[in-house]
Each structure stands twice: as C-alpha cells, then as structure tokens.
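Two complexes are shown next, each including chain A; its partner changes from chain B in the first to chain C in the second.
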Partner chain A sequence: MLVTLARASLAGRRARTALAVVGVAVSAALLLDMVMLASGMRASFRELLDVRGFTIRLAPRGTLPFDTDARIDSAGAIMARLGANPDIVAVSPVLGGQLHVLGPGGGVTAVAIGINPAVQGDYTLRTGHDIAGPDQAVVSADLLAAAHARVGDTLDVAGGYDAQLRAVTRERRIVIAGTAHFIYTPANPKAMAMPLATLRAMTGAAGDPVSLFMLRLRAGADADSVQRWIERAIPRVSAVSTASALRQVDRRLSYFRQLAFILGSVSLTVGVLLVATLVTVSVNERLGEIAVMRAIGVSTRSIVAQVMLEGVAIMLAGATLGLGLGLVTAHYLNGILSQFPGLPAAIDFFLFQPRDAWVSLGLLALAGVLAGVYPAWRGASLPIAATLRDEAVA
Partner chain B sequence: MGDRLVIRATPTGPADTVIVGAVVRASADPSEVARDEYRVLVHLDQLQSLIGYGDRVDRFAVATRDRAATGRAMAAINDAAFGFQAHRSRDIAVETSQTFLVVSRFHHAIGVITIVASAVFLLCIMLLKVDERRRDVAALRLMGISAATVLRSVVLEAAMVAVAGSALGVGLGAAISAAVNAHYRGVYRTPLAFSIVTPEVVGFSVALSLVLGVAAGFLAARRLTRVPPLALFGR
Partner chain C sequence: MSDAPLAVSARDLRRDYAMGDAPVHALQGVSLDVAAGDYAAIVGPSGCGKSTLLNLLGAIDRPTAGSVRIQGKPVESLSDREATRFRLLHIGFVFQRFYLMPALSAAENVELPMAEAGLSRAQRRARARELLRYVGLEARADHRPTQLSGGEQQRVAIARALANRPALLLCDEPTGELDAHTGAEIIALFERLNAGGTTIVVVTHDEELAAAARRVVHVKDGRILSDTRVR
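Let's turn to the complex of A and B:
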C-alpha cells in the first residue's frame, strides 16, 4: 500500500515530479563527476607508476623525476651501491634530453630518453624489434610520421644546435628498430628511446649523468625501508616510492580534490533542498488526506514511511538518470584537463570505478531520506481534529 | 639573513661563498605555482663564473617606451640579430600560462553544468511557489482581475525574487572569492589572484538569474492562468 500511495502522489503532479527528477539528475551527474575527480587522478597516477613494476624512483636531491633539468652525476657508482642491496632486483637508469631529427623540411625536434634496453620501463614495443645496438632507436608513431620514415630507415639526428653558427652539432645516423608506446609522455609524443651511452654522447654530457633511476624490488620487500636505506646511503638523491609520489601529487593537485569536495557537497545540498521542498509542498497540499488516513487508523509510522519513500523515489529516479549523464560530462571534462601541458596521456582525472557509482548512489539515497525527514515529521505530527476542521472550512 | 652559504652548480663542482642579503617575495608568475623550487638570486657574473657559462646569458629583458616602440624594437632586433629571437612579454606569458588556461576552460565547463542545475532548481521552485497559490489566483480571477494582470504580477514577483537572490549571490560570491584567494595564496605561496569578481562577471550572473527567474515565473504563471478559476478551487 505504501508504494501505491507514494506512486499515486508522485504521478498526481507529473510536471513537478519530472522537473524534480531532472534537477536531481543534474545534481547527481555533478556529484558522480566530483566523486570520480576526487579519487580518479590518484588511482590513475598509481596505475601509471606501477605499470612496469618499478616501485621506487631516484631523482636529484629535492626534486621529483623530470621535474627539473637537474641530473644525477656518477650514475655508475650509484648503480654499484644500489646493487649491494638484496631487496633491489633491477635498476633502470634514464636520461632525458632533446634531439633534432634532420630532414628536408627543417626537421623535427624530439624528446629523447636514454635507457638500458634490458631493464627499461619507459615504453612498450609496438612494431619492429627492440634496440639491439648503439646506433638504434625505437620511436613513437607520431615521430615516425613527422619524420616521414618507416621502421628500418636511417635518420640523421643531431644532439645540439649552435645558435651563433646556426648549425647542428653532434650529428649521428640512427636506425629505427621499431615503434613503441611511450608510457610517461603526453599525448601524441614525438619521442625516441636509445641506449644511454648514445644519448650521453649526442647531448655532450660530461661524465655519466642520468635524470633518474627506476628500481624494481623483490616480491615482499618493504619499499619504505628500502627508501630510507637509499636516502641514508646516497645522500645526493631523493628516493620517491609510489606512496610518497602519490603524497606529492595529492599536495600539488589538492585544488582539484578541494573543488571536488565543495562542488560535490553543493550538488548534494541542492538535491536535498529540491526534494525536501517538493515533498514538503506535496505534504502541505495533502494535509486533509493525511489527517483522514490517521483518523481511520493508519499508523504514524506508515505516514512517515510513505512521505520518505516519495523523497527516496525521486532521488533514485534522478540518480539513475544522473549517473549516465555524469559519465558523459566526466568524459568531456577529462578531455579538457588532459590538455595540461606535459601531463602523461595515461593520466585520467575522471577515472570511473564502480565504487564511485555506489558511493554516489548511496549518498543520494541518504539525501533522499534526509529530504523526507521534515515533511514526514510534519505529516505525522499534525493534530487530526484541527486539520480536518480547517480542511472542511477551506 | 646575514649567514654565509656555500653554493655549487653540481655536487662536486667548484664552490662559491655567498652572504644571504635579502629574502625575496615570490613573483605573480603562473608558471611557478605549485613548483617547490628553491631560488637563489646572485650577480650575473658570479653565476656565469660558477656554472662556467663564460659571457653568455639565457635571455635579455628589454624595456621599451610604448607599444609602437616595442614593435619597432622587435623588428629591428629580429632583422639584425644573429642566433636569437625577440618575443613579446605578453606572448611568453600566454605560453607559460597554458596550465591556467586549461583550468580556466575546466571552470567554464563546470560553470555551464552549475548553471543548468540552478536553472532547473529555479524553475522547480518557481513552479511550486506559483502552484501553492492556486487558491489566491482563483480568487483574484473570480473577482474579475484578468489573467494577463495575474500573469504580470507573478512575473514581477519572480523578477523581484531573482533580484533579491542575485544581490545575495553577489555578496556571497565576493566573500567566497576573497576566501579562495586567501586560501590558495597561502597554499601556493604566491601573490596571484585565483578568483576575480569583475563587473562583467557580476553583470552576467545577475542578467542570467533575472532571465531564468522571469522565464520560470512566466512558465509557471501561464500554466496556472490557463486553468479555469473554479478548477483551481478543485470544483
């Protein structure tokens, strides 16, 4: 009977109910987006860091990997020191730089990374084969297209440019061994990977510098204790574990989490106000009806349940519509934020996880219950005789 | 302040001793926001010698008399220069503000969603408000007051509610804007303004809320005035 009465009440004012459902749907969409924003970028960043199993990164002291142009000197000595720790099973040195692929149209400037192909964690090979010699490189599909080249072709690549002479320097011929997906680069990168020693020679780096090290630990090793050991043993570097990188990201992107919290709260409040107003007006219009029901013996609990059911029904109908709408708007908003300069293409600010949908649905159901509290209390506590008399006079 | 520091370009490179002469305030540069870099300002020749830069510099900042002089100076430099290029400061600022432009586009998109949500909310509230006065409207109509007059009075009432709400909203917006600036200037340690309430923003918000309020009031009133007065009484 409860459901029948609640449905009859909502169906009696179709336009009003439809408008309320639409209002709740927009609020629910915004709420889902904000729940996704609050947790999505963190989950997405963690996924990106852990994708190749490297759990610790070493950067020059006081910096984050590739955050500055600073480099770590004496990489060979550091690798030997790291090799002494039994918890560290692989060390991948990475050097970042910029190279110029020469061509008839002025050439292409490419992001270059120097790696050890045996332990690299920066790219996934797509076509061709991996780097097998000092004059070989794997390139991104975008660089291949921009250079009008194919796998197996040889490129003329320069490591520097003398502005005074307007001439390239440290030129070298590099064979394209294959194409690869570069994991940490922004979308559509013009990138190439080559042996570390080749890049050092081409960029004219003195000594054996690297931009960062990526470390893989043995299964069961405690990343925090390895991190502490590294910072004690090698004071020139900062060791960044996945957890500490996430903390840094949390701090840098705290703005988005705060925005998500504020807008999520506002959308929930708007939803509660909308439904509470609607159900209150609906109860006010049915005071006589409610008084009659109570006069013929319908319990106060049933009245309360019916009114609250109306609120929850509007909330859930709006939420169902809103969750679909939220996914569409999240895709659109993610497209905007993915244009952040230098942001790895694999990072999603709005990452859908089923948990987000359940959290949003739970919050909206709770909001529906809360929205029904006042009108339900009003309906349940009205004086029966006085209300019936007032209604008869009216 | 006054302490001596030893600075080097690389951990094993040549060192120089400097005295901390002053602590400078961060500049209002969007590209520096959220970057926790330590900065040391030293004399040009001292840095050139420390990092082995010879007589080289990374860039020159050139002050000009006015906008026309800037154009002439740029043309002259670019025609005569060998190995470097002149850029307008404004163009460089646009390039370094890309992050903020993305955030700005994101805010616009969120703003549109919020406007849609508030429009539906306003429409719903006005509909309820007018609907609640069915009996008043019926009584007015039975007394001989025309449907057009009733409609105009309801629309006027909606406009007044929208104006009052807008005034409250502008005050609330200004207060929130001040709080946002105070908070994020502290978080990012920058004098940048994160939120600015301009006359254009106020004008747009008030106009939008007026249009939405009046439209909502009109729709709700028209719906009510089309129903015969006795039907509004439930007979």
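Let's turn to the complex of A and C:
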C-alpha cells in the first residue's frame, strides 16, 4: 500500500519525476566516475607492475619504476651482486634510448629498449618470433607501419646524428623478428626492443649502463626483506617493490584522489538537494492527503517510510541510468587522459570495478534517505486538525 | 439507552486557538455523553465549534482543558503514537470532502486502514469487497475516486471508515457536498449502520440528516444550547 502510494505520487507527476531522475543520473554518473578515478589508477598501476611477475624494480630514487630515461652505471657489477641472493631468481636489465630508423623522407625516430630477450617484462610478442640474435629486434605495430616495413624485413637504424656533419652515426642493419605490444610505453608508441648489448653499442654508451632492473623473486620470498638487502648491498640504487611503488604512486596521485573526493561529494550533494527539493514539493502538494491519512490512523512511521521510499526510488532509478552514463563518460575521459605524456598508455584512470558501482549505489541510496529526511519530518509533524481545516477552506 | 456503556464521554471541554492578542475560544465548556449504539447529530451555526468538538471526540486534536474518554479510555493519557493507533482501530472518520486517496482505487482506499492495522492481503481484500457491497459499490471496486460521483466517493469513504470495525463513527458534514437525492442515500446508509449497532456522531447543517438521528445536540458559541432525544 505504501509502495502503491509512493509509486502513484511519482507516476502522477511524470515529467517532474523524469527530470529529477535524469538530474540524479548526471550526478550519479559523476559520482561513479569520481569513485572510479579515486581507486582506478591505483588498481591499474598494480596490474601494470605485476604484469610479468617482476615484483621488485631497481631504479634511481624518485623516478617512476618504468622510467627509461634514468641511468644506472656499472650494471654488470650490480648483476653479479644480485646473483648472490638466492631469493632473486631472475634479473631483467632494461636500458632506454632513442634510435632513428632510416628511410625515404627522413625516417622515423623510435623509442628503443635494450633487454635480455630471455628474461624480459617489457613487451609481449604479437606476431613473428622473439629476438634470437644480436641484430634482431621486435617492433611495435606503429613503428612497423611508420617504417613501411614487414616482419622479416631489414631496417637501417642509426644510434646518433651528428648535426655538424649532418650525418647519422653508429648505423646498423637490424632484422625485424616480430611485432610486440609494449607494456610501459605511452599510447601508440613507435618502439622497438633489441638485445641490451646492441642498444649500448648503438647509443655509444660507455660503462655498461641500464635504466632499471626488474627482479623476479623465488615463490614465497619476502619482497620487503629482499628490498632491504638490496638497499644495503647496493646503496646507489633504490629498490622498489610493487607495494612500495604503489605507495609512491599513491603519494603522487593523492591530488587526483582529493579532486575526485571533492567532485564526488559535490555531485552527491547536488543529487541530495535535487531529490530533497522534489520530494518536499511533492509532500507540500499532498499535505491534505497526509493529514487525512494521519486522521484515519496511519502512523507517522508509515508516512515517513512512504516519503523516504519516494526519495530512494528516484535516487535508485537515477543511479541505474547514471551507471551507464558514468561508464560511457569514463571511457571517453580515459581516452583523453591516456594521452597524458610520460605515463604508460596501459594505465586506466577510470577503472571499472564492481565494488565502485556498489559503493556509488550505496551512497546514492543513503542520499535518497537523507533527501527524504526533511520532507518526511514535515509530513509526519503536520498538525492534523489545522491542516484538514486549511484543506477544507482551500 | 441510558444504561448502555458510553462510546464517548466529554467533560467540560475547552479549546482555545491562539490568534495573537485575541485568542478564539472555540469551545467554552462542553460536556457530552454518547452511549454505545446511539446516533447523535450536532447542529448549530457556522463557526460555533462543531468541527472543533468532533476533532476532540475523535482524538485528532487535544483540548485546552477538560477531558475526553473514548470507550472509557482517557484520550489525554495517550501519546501521539497511541492516539494514532487508537483512531485507527476504534474510530471511523467521514469528512465533508470525502478525502479519498486519488492514487488508490476504491477497494485500495478501503484497504488502507486495514493495511496499516497489519491485516493480511487476503483478509483486506475480502473485507473491502464485503464493505463495498454493503455500501452498494461492489462493481466500482477498481475505479479511482475521480471516476466516481460525489455520492459514490462518500460511500467509499464510509466503507473506509468502517474498515477496522470502529466503535464510533464521526462524520463532519457528510452530506455537505451532495445534492438532496444523493444525500438521502447517505442518510439511509447511516440509519442502516446504526440499526446494526454502530455508534454515530454526525455534525451537520442538513436538516434531513439531523432529523434521522436519535438525538440532536444544539451548539452555539462554543456551548451546548440544547440536547434533545428525538426517538
């Protein structure tokens, strides 16, 4: 009966109810996006860092653990030192650099990473073969297209450019073994991976440098104690476990989360005010009806429940609509933000997790209850006789 | 009639409405006993305090002074919540303007007080059908109030008032909005109800209605002027 009355009250003012539902949907969409933003980046960072089972990275302090511009010298010594720890089962050195793929019309500049093909966590092979010799590379689909090449082709690649002589230097012929998806590069990269020694030679780097190391640990090893061991044994690098990287990321992203929190709260508040206004108007229109119900013995509790039900119903209808709207806008915003320079394209700013939907839905249901508090109180505390009299006079 | 238990009993009722400097003394010491099974009409000029008295007798409003007992129960001892429950289970109200819930069908309107009282759906359905048959509107059970004439709406309102088998039926100008012919139907309905044992107190300007009662109470300026048993 309560449900019937609440439904009838909403259905009786169809246009108004529809407008309120759309309004709530917009605010719910924003709320969902903000909840997704607050937790999405973190979750997608974790996925990204864990993707190939490398749980510790060695990097210069203060850099994000996939920064290929960083430099660690005398990598061989570090490798040897790391080999002494039985908890470390694999070490993947990574060197970042830039190469020029020569060709008609000036060629293409490519991001290059030097790795050990046997132990690497930077790309996944898509077509062709993995690197099997010093003069082989795997390339991204975009580089392949830009160089107008195919798997199996040979590219002329230069490591340097002498501006004085206007000539490329350290040129080498590289065979495209296959194409690969590069995990840590920005969107649509022109990227290639090759053996570490090849890239060192081509970039003319002295003193066997790398940009970072990625370490895989023995199953059951304690990442924290390995991390401490490394920092003691090799003081020039900082060891970053996935957990501590996430802490770093958290710190860097706290602005985003604050922003998300504030915008989410604002949208929730707007939703509450919207619904509170609507339900108050609807209660004001029905003061006579409510007074009659009270007179014939309907309890204040039933009146309150009926009014609250109206608020919650609008909120939930809006939330359902807003869920779809929120996912669409999140997808769109993700597209924009993934162009953010310096961040891997694989990072999702808005990552949909079912938990987020439940959190948003819960908050909105609560907001519906909150929105009903004032109008419900108004309806419940009505002076019965006086209201009936006013109603009769009106 | 005098040895029947009292359905409602009012002692020295006063009701002032605060109106700034000049409060309105709507009731100025009214005492009234209505025995179970009685049928009383309260008449008097407009503004003399009839509705005020009826609201006090029905525990919708509280007196400034004096006391009301319904079926021996002092109303002033009840909390708001208890008074609400008491109205639900023991008093039926009929208003001049019917005041049905526009969103509910005739049957649902009749079921409303039963739902509030916690009756099962099946019980509600059966009793609502029985009551609508009693007031001659069984065929209109699924109609909305807007699809019914004034007289039909008032009959639905009477069925609603009877839903929880109240000891006392309180009616404020129940024929006030109806033409003579429809009014006569309502009057006949009240007589049938009273003959079946329902205690009725009706406030009215309608002489036909007043003439149908067993007793006519004359109110003027917040006081009882006369109290005449007609039959």
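Things to note:
We take it that the second predicted complex is superposed on the first by the 384 of 394 C-alpha atoms of A that agree within 3 Å, B and C clash if a C-alpha of one lies under 4 Å from a C-alpha of the other, contacts with A are read in each partner's own complex, and residues count from 1 in each chain.
Everything that follows uses one rule, which is that a contact is a pair of C-beta atoms (placed from the backbone, for glycine too) under 8 Å apart; a residue touches a chain by one contact, two chains touch by 3 or more.
In this text, all values refer to a predicted model and were calculated from it rather than measured experimentally.
Once both complexes are superposed on chain A, the partners chain B and chain C fit side by side without clashing.
Look at A:T4: by the touch rule set out above, it reaches chain C but stays clear of chain B. Which of chain B and chain C touches more residues of chain A: that partner is B. Look at A:A245: by the touch rule set out above, it reaches neither chain B nor chain C.
If you stand at the C-alpha centre of chain A, chain B and chain C are 80 degrees apart, rounded to the nearest 10.
In the superposed pair of complexes, A:E289 makes contact with chain C only, with no contact to chain B.
In the superposition on chain A, A:S302 makes contact with chain C only, not with chain B.
In the overlay built on the shared chain, the residue A:L333 is in contact with chain B alone; chain C does not reach it. Applying the stated contact rule after C-alpha superposition, one finds that A:V157 touches neither chain B nor chain C.
When the shared chain is aligned, chain B comes close enough to touch A:V26, but chain C does not. The gap separating chain B from chain C in the superposed three-chain model is 12 Å, by closest C-alpha atoms.
Only residues 1, 4-5, 8-9, 12, 288-289, 292-300, 302, 384-385, 388-389, 391-392 of chain A touch chain C when the two sit together in their complex.
Across the interface of their complex, chain A is touched by residues 10-12, 34-35, 37-38, 82-84, 98-99, 102, 105-106, 109-110, 113-114, 116-118, 120-121, 123-125, 127-128, 131-132, 184, 187, 223 of chain B.
Of all residues in chain C, only 51-52, 55, 58, 60-61, 80-81, 84-89, 91-93, 95-97, 99, 101-104, 108, 111-113, 115-117, 160-161, 164 touch chain A in the complex they form. Taken in their complex, chain A has these residues touching chain B: 15-16, 19-20, 22-23, 26-27, 29-30, 33, 62, 67-68, 73-74, 163-166, 236, 252, 254-255, 263, 267, 270, 273-274, 277-278, 281, 284, 329, 332-333, 336-337, 339-341.
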